[in-house]
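The letters A, B, C, D, E and F name the chains in turn, as written, and every chain counts its residues from 1.
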Amino acid sequence: MTRPDGRTPDQLRPFTFERDFTTMADGSCLVSFGDTRVLCTASVDDDVPRWMRNSGKGWVTAEYSMLPGSSPERIGREAAKGKQSGRTVEIQRLIGRSLRAACDMTLLGERQVVVDCDVLQADGGTRTASICGGFIALHDALSRVVQRGDLARHPLHSFCSAISVGIVGGEPVLDLPYVEDSKAEVDMNVVMLSPVDGGEARFVEVQGTAEGMAFSRGELDSLLALAESGLAEIGAAQRELVATPPAERPA
Amino acid sequence: MTRPDGRTPDQLRPFTFERDFTTMADGSCLVSFGDTRVLCTASVDDDVPRWMRNSGKGWVTAEYSMLPGSSPERIGREAAKGKQSGRTVEIQRLIGRSLRAACDMTLLGERQVVVDCDVLQADGGTRTASICGGFIALHDALSRVVQRGDLARHPLHSFCSAISVGIVGGEPVLDLPYVEDSKAEVDMNVVMLSPVDGGEARFVEVQGTAEGMAFSRGELDSLLALAESGLAEIGAAQRELVATPPAERPA
Amino acid sequence: MTRPDGRTPDQLRPFTFERDFTTMADGSCLVSFGDTRVLCTASVDDDVPRWMRNSGKGWVTAEYSMLPGSSPERIGREAAKGKQSGRTVEIQRLIGRSLRAACDMTLLGERQVVVDCDVLQADGGTRTASICGGFIALHDALSRVVQRGDLARHPLHSFCSAISVGIVGGEPVLDLPYVEDSKAEVDMNVVMLSPVDGGEARFVEVQGTAEGMAFSRGELDSLLALAESGLAEIGAAQRELVATPPAERPA
Amino acid sequence: MTRPDGRTPDQLRPFTFERDFTTMADGSCLVSFGDTRVLCTASVDDDVPRWMRNSGKGWVTAEYSMLPGSSPERIGREAAKGKQSGRTVEIQRLIGRSLRAACDMTLLGERQVVVDCDVLQADGGTRTASICGGFIALHDALSRVVQRGDLARHPLHSFCSAISVGIVGGEPVLDLPYVEDSKAEVDMNVVMLSPVDGGEARFVEVQGTAEGMAFSRGELDSLLALAESGLAEIGAAQRELVATPPAERPA
Amino acid sequence: MTRPDGRTPDQLRPFTFERDFTTMADGSCLVSFGDTRVLCTASVDDDVPRWMRNSGKGWVTAEYSMLPGSSPERIGREAAKGKQSGRTVEIQRLIGRSLRAACDMTLLGERQVVVDCDVLQADGGTRTASICGGFIALHDALSRVVQRGDLARHPLHSFCSAISVGIVGGEPVLDLPYVEDSKAEVDMNVVMLSPVDGGEARFVEVQGTAEGMAFSRGELDSLLALAESGLAEIGAAQRELVATPPAERPA
Amino acid sequence: MTRPDGRTPDQLRPFTFERDFTTMADGSCLVSFGDTRVLCTASVDDDVPRWMRNSGKGWVTAEYSMLPGSSPERIGREAAKGKQSGRTVEIQRLIGRSLRAACDMTLLGERQVVVDCDVLQADGGTRTASICGGFIALHDALSRVVQRGDLARHPLHSFCSAISVGIVGGEPVLDLPYVEDSKAEVDMNVVMLSPVDGGEARFVEVQGTAEGMAFSRGELDSLLALAESGLAEIGAAQRELVATPPAERPA
């Protein structure tokens, strides 16, 4: 089988992280996986939601949106409709849970970080790209809080990366673009944490859905193996990127 | 380790299906897993959503809600708030996808079935109970369509059941009540299909989330094994139940 | 004239109160009048709405909803539509006013009780059944507050019951099922209080509406007489029921 | 007992109907009862709601609103809040039902009339004033449809009027201003129809609510008698007014 | 060219201010320009929005609405639709900004005034009439605060008036009724302040929009000149009116 | 006076148009004026809103949004709040009107183009940048419709550009960044059309608002002159850019 873009089944699309694509928020990263491009920003607020006050702990949350022009068929603007779709809600909850899992909330202290993931161009895998890029924006934003002396230690204990896998035409494949995703029999998103100080990568989210054909335990195992290999590559790139601290900014 | 209710780690709570608990909708089932009780009804509409007209195919969808008094702490009514929570949306999408996976939409023809799952009492596992009981309501509703001669063949090709598994205090356990769920390190919901005409059960949904501690591949394997064993038991009970057709009703 | 179910014009449908049908809320009652079945729960909150704080008084309010599958034709879920219908709003205001009229708010103290009435099966008279069953749930909930020592005296000074009457085919009848209600010329709901310590029953709500034919003063008198006789029977059943206190629960 | 404004218990406030106060809608009436002033307009649409098409029948509906500045304490604008209050919904349903009861829908044909009642100044009894003034606006609007030859016969078969009665300080009184209404023990709104061609006036709506003290059958009878006498006077004024047809307008 | 109502291009429609048309709000004015009639009320609240507390300053804001029956074609009620239209939002923001520009917020102190402009009858120029009439309502309301001794000095430093100008059939005209407005090539609203203590009138808002044909700098100059002349006339009328203080009221 | 960024009062910020920044929509342009960056996309739909069907004419509309991370202080997401702010509504109406004024709707035929303007980074002048960049996206999208043979002639008859001017510290200045805008006494947005086939540039929108000090006719004239000079420069850049057609795309 040849994939539409000529990749092998276990090959990622070319991916990049463009740091500080915008400079108003504390952290910003334009992430791309193939033609999928997501602008992630992380805004730090020195306050937490009411229900967390006086807990001594912080909070990380995420919001997700597709720009109307990000798709060949225009997507209606959710602000104009007056509500977020079920898909949007599901995705932003997934991003938020994933990033929270990488963060030591006690080290963060009573601060909230909102990670906004706005899809500029959509070609499959927008939620996993959002997690990968949102992690960089979050990491840089917290690095700047450390740089300006407001945090003693960086609160992220792990790298967090995500990728999609699926079964297309009977074959398990890694990192599906839209053309594959739309005809996949099984679609799975996998999120893993890789500890900053080394150690084994572990799962935080496994979400597999049969779209047209239920899957066996053997197929599930193949998908998980593909995901683990792709995530090792992405996690290594994140680790290399943040080894260089972000440009300092005046407080 | 002893579980709070004395079960072994691989033991289900007592579960029952009370068919035709109400008699207005085409199918109705009051399902209980321990203290969790969900009233599921299936309403058949001889029309489909606009975007499916003239496709020759049908549709199955689900809605989920918790009654305000279903929990020790009253839950605000979503109709009064004017919107469904993200959790509700996520759950009803899961139920809908799961039940659709069991149904041959071409056999169903241009009909829509809405499966309503209203939680009367909540003690953990409400979404998986909804899938199990919703399946019975859906099956009975479609049996009645067959009985009154409007369908030649029953459109459900598989039994559909679901259960939660999780890691609590480091140990994988099956079918978590609230007291375990609220402190679980990992929480996973698994949905499987078992073909009506026999054959291997397969996965349609696997949704695992680390709540406090990421999980290894080995732990994931243990959880999947627990789920498979519990789902075999539930699927057998469903199979036995629907072997007796529901009471006929005048058209 | 014969009524569709063979009753005489002044005869109630068989009615039952099933106490503690669910056990999460402080009080719970599954009430049925014929095929109409409503699950009523009463949840006590040791706080009052903001505008009542420091008044020394409590508050009783009600919410009403029909489950989508409670009717032969599925009823759209109000939480999905994002708003409650005018009918729902009208009904829950009626239930709330009626139950408040039975309660001494100073004895209740700064507590709020929400009585939720969720219609599991609808066959006419759901609002009056909600009042009758909601009263039992409320009474039991407050009895438990007394049992655990948080209230010195039970704050309900009266029994509260309600029934529908109407003119069907020119004849005044009591307790209309859907088949009568849908063709009634006049439809009236009557709510009365019967003091706990004896004494004359009195009206708290009289809501009569001509659906197709205005009514004379004489017809109005006949309807009120029918209602008074039916309410005497229901009130007696409530009085007998709560003579046995509800099962105690640990605080 | 003296009433605050010196009236006897069975005396109406001075009331007036100012026809064609505005001239854009087909019918318009500024009604006042004491300081309560409501601008009622009736707009005829040569179409009916979708569910009535091809029924050969028409529809009359009403909407009600209080202008924010109509009360000493400013009332928040419902359009700004994004929803109508329960009180508003209840009131406009009452107005609509009352006016519909006066109209022969088959004579009206497939037309819809919307009667808008906007309270310019509120001093108690706004819903009953709306019915009285809305009737005039509706009558004039339909007279103009007759005048321009689009209807053979006027479709209103009865005059429709409404008034409030209540028990204040133990005494039954007619037509309560705000100062009485706010301390009434019982509050009742009564709507009656008086046939255009003579004949006995009859009830279409009786809505009585005990605000602080339940009421006996005898008290109810007194209230109904007060209402009947007041409504006779209002109905006579309406009859006299519409005896003069409204000014003709070009089509 | 003759205008439809026979006016010269630089002539205003007859305009009037009817003070205290209603008496519940602190200030009230029924303003008319030709057939356009707007009821403006000003309600003073001895509190300010949260974000202004402890600023020592006050706030003036406006709300605008068209009554459904104010137009020959009924206008759907925004409260029923659940949201205000973009046009409404634009207009009420314009009114609010204009009136605020006339007020010394420090003299006003921590008070909020809401000016409600409800259009009873619409024939073009409703937003500019609202500003003119809203100014009178606001002025009278604040005069009464001064009268009852709660303000040492009247906080309005300028008269505020507004008018529309436009190009119709190639010719610049002043104060357009609907029949002109609907076919105008250019539509412009101009708001000016005229200091209470004399001095030159100046602009606060200039909003010009080409509807069908862009306009040259020369045309813009003609329109501004027309507006300035009309506003001088309106401002003089306002000045004369408020020279007589409003009737005093008990606190 | 020196401006914060060293410009002269009549000098624009550096501005660029990055064509086809994204490639899913028919036209796309990332426009920047200094640090303000807006992603504009134009999506062509071969259908028009219902009220325009069978008119033979097309429609151009715009939507505007600020990304939450576009500002140093995070901006709440309107989709999450469930409504668009008044400011958003005002801005997108302005953009839509401006772009429509440049388009021959009969040449466009029964097509709708939606121009989405999403602010990636905000530093003043986002609405005027949206118009300038939205014009390029719209122009390219329609060029592609011409290229694929679906339109005989390009429907834009004029270039459309916009800029802000204002009075800061008493001095009229062109193209205000946030730091100037936030303290400006007068803020004005001017939109002009420059015909494709040459000829005089003319105004389509003039929106001037005094923020703290009303302005004289002389000041208004100075602002308009500044705007005219800036718009000449921007219009020339647009003209040069679109002289090169956009890259062709397969249908």
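In this section, a residue touches a chain if its C-beta (ideal position, glycine included) is under 8 Å from a C-beta of that chain, and two chains touch if they have at least 3 such contacts.
None of the values given here were measured: they were computed from a predicted structure.
**Q** On the document's contact criterion, could you list the chains that touch subunit B and likewise touch subunit E?
**A** none
**Q** Indicate the lowest number of steps between subunit B and subunit F, counting one step per move to a touching chain.
**A** Each step joins two touching chains, and the minimum needed here is 2.
**Q** Any idea how many Å lie between the Cα centroids of subunit A and subunit D?
**A** Taking the average C-alpha coordinate of subunit A and of subunit D, the gap between them is 60 Å.
**Q** Can you give the whole-Å distance between the Cα centres of subunit A and subunit F?
**A** 33
**Q** Could you grab the centroid distance between subunit B and subunit D? Build each centroid from C-alpha atoms only and quote it in angstrom.
**A** Each chain reduced to its C-alpha mean, subunit B and subunit D end up 51 Å apart.
**Q** Indicate the residues of subunit D shared as contacts by at least two other chains.
**A** Touching at least two other chains: 82-83.
**Q** What sequence of chains forms the ring when you start at subunit C and head for subunit D?
**A** If we begin at subunit C and move toward subunit D, the chains come in the order C, D, E, F, A, B.
**Q** Under the definition above, what is the set of subunit E residues touching subunit F in their complex?
**A** Of all residues in subunit E, those touching subunit F are 83, 86, 89-90, 93, 97, 101, 158, 188, 192-193, 200, 202-210, 214-217, 220, 224, 228.
**Q** Can you list the residues on subunit A that touch subunit F in the complex?
**A** Per the stated touch rule, the residues are 22-25, 28, 35, 37, 39, 41-43, 45, 63, 65, 67-72, 74, 77-84, 88, 114, 116, 118, 120-122.
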